[in-house]
């Protein structure tokens, strides 16, 4: 039965990976920016939840909209007044730009919030749902549910609303989108805002399930990247698949090979995926190739 | 023109050779560190600047080189200098094996794949406790002698390493291979129909760059006399190296070195004054370089400084 | 003697057929023009010969050997050189250095820098670019960049030269110059396949014309034969009418 428990744990973790991957893959697919500060932005969200819980004792689930909205605004401003300024430069310039941003944010958090591990533990943190041999903590279940719901909402938003359609149109053909009256600068900013908002949200959820410090930012970004690569660039349903695969593979390998190889397996999986099928499990030809 | 540049460089070198006899131990260390970064940037520039492949995780070879020297010295009791060829070789072998599959990837995908490789190797080193000491790290034999002598020893070791890196980079840029790399950077399809075996030459470029970075790692390991996975596989070093290449200009031989000197010295000044916010300043500095000086300091201000030139990148690349 | 032989060549991307069943020969020493309306598959054919894309059906023989499984750089070493419709100069290298790349790595495979410089100088002289040898090609006007493409291909020492619209966008005088140059190359013994939109030019220089339409070969013959062919007239007029709608 241990296998079943591991699978459940893998899926629960996978739900979180999905959410952190969705924002990342969206930004990448639409603007062709790999946001290396994604993990750091997620952590800002985690700190928002942490501080609100610490000082006002508000239930962490209630603070989710706060961290989503503040990171949404932060992302909008960042793209509109920083990234858009150089967005047409060579792609790795933007890669380094976001890395610079990451270094800044991580050191900002270290300086002002300290490098210590923090965690958010409401009263109900210990209680679990028990189904036979399988134990599922309520918090993890709640986090999983929110991740799935938000991912579905995001998918719905992109498919059914005008703004969502404008974002998709811009990602497919920026010139055609401009000719139909779409302002790409705004769309880029909006996309980045959604990406950051989702990152902030996932950070808040992260704070509920594990201890965090500024130093885990890089690990979060890389996982968002792996999810995007696995699922195929810019695809919400791909992120869902990628997140679950990563979650299960990580949990499984921790059990089979050992906890300490967890990261090596995840990165190895990514490199392997890049070599074998860079377009991802669900993806088509990837941007760099099409552009070429 | 070349003669004049060479002459200036020799004078510069001569100053660096005599400097250790007049400056303090602190500045010796700062300069040693600067040479280290200059050599890493110069070596990495062969794949990054010449060939146009953003090897973001090139520091992987630095870590591997450091561990090769460390392990050979502690477990096999080899002499320090004797280990360096092996550090270079490790880089060459690794780059050659990984080159064919990884260098097929372009842009982002290549950049991140190299980061993935770096992280994977770090995790492996972290787990190979028997050989590497794992997370506890590896303590190398400490060099015998007066601190004064040791400082100077590493100063000159790093300086020689840098000069070698520059020499290799210079030769590569002048020979037949250099033309192939520059053609690949601009247009790989056009290069291949010109008869350039692009996978082979890209891999060769990466291997050369890996060898140089590997040797840097080896020297660094002995200099520090203690290494662990997190002190030699450092993501921040990658970014710093990249920023140096951009700042100095990646299409020239000495650009990355100049970038390293500027950035390291600025960084050192900031470090000593504001230790707490050093990282934040580094982040802002990188953002500044990408916004205003992505073509490099010298290319941007060719023929004199002006604020207009400072904003030319924003004009060109704004959405 | 047949230099290049296309036998039932086909190319498709997934379900989309770009070329179907194209069969024709190119003899040594002749100039063969490939014409056809947009989307006919002309550049695709050239990409197949230079092996930038995979051949999905049929076989292409060069000097009697199939080249279906060769890499682009191997093709170059066999003596096939090409230009690109969208010019691809190596920016950052000077005009001379651009051409030197061809001498270094093409069929000539020159190893010494001095020799490659000599080869490059000669190729520049042929196309008349000696004056701008130290300029960055990115600042040159289109006509000169097209000439650079030709010079770079020549420096490779090719037996077969593929010219992809080297005359499009040129002024009347430049066009005449280019035509004279191409005929001079033929006289030197280089076989040429040229894709062209400029009808007057291609009719003037080609020994034979191959007409592609929607991925199929619809006509092959001397320029005089081709212009009279009803299928060709229909293909061109048809496409014109289609555009008006």
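A, B and C are the chain letters, set down in written order, and residue numbers restart from 1 in every chain.
Rule of thumb we're sticking to: a residue touches a chain if its C-beta (ideal position, glycine included) is under 8 Å from a C-beta of that chain, and two chains touch if they have at least 3 such contacts.
Since the model is a prediction, treat every value here as computed from it, not as a measurement.
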{"item": "Pair of chains joined by the greatest number of C-beta pairs in contact", "value": "A-B"}
{"item": "Chain ID, smallest distance between chain and overall C-alpha centroids", "value": "B"}
{"item": "Chain located farthest away, centre of subunit C as origin (C-alpha)", "value": "A"}
{"item": "Cα-centroid distance, subunit A relative to subunit C, in whole angstrom", "value": "48"}
{"item": "Chain centre separation (subunit A, subunit B; CA means) in Å", "value": "31"}
{"item": "Between subunit B and subunit C, centroid-to-centroid distance (C-alpha), Å", "value": "42"}
{"item": "Partner subunit B, residues of subunit A touching it in the complex", "value": "28, 32, 34, 82, 84-97, 99-108, 110-111, 184-185, 188, 218, 222, 225, 229, 258, 260-261, 263-264, 267-268, 270-271, 274-275, 278, 286-289, 292"}
{"item": "Subunit A-facing residues of subunit B, complex", "value": "54, 56, 101-102, 104-109, 111-113, 115-117, 119-120, 123-124, 126-127, 235-236, 239, 242-243, 246, 276-280, 282-287, 289-291, 294, 313-314, 316-319"}
{"item": "Subunit B partner contacts - residues on subunit C that touch it in the complex", "value": "50, 52, 71-73, 75-77, 81-82, 84, 88-93, 97, 100-102, 104-107, 109, 111, 113, 116, 152, 156"}
{"item": "Contact set on subunit B toward subunit C in their complex", "value": "174-176, 179-180, 182-183, 185-187, 189-198, 251"}
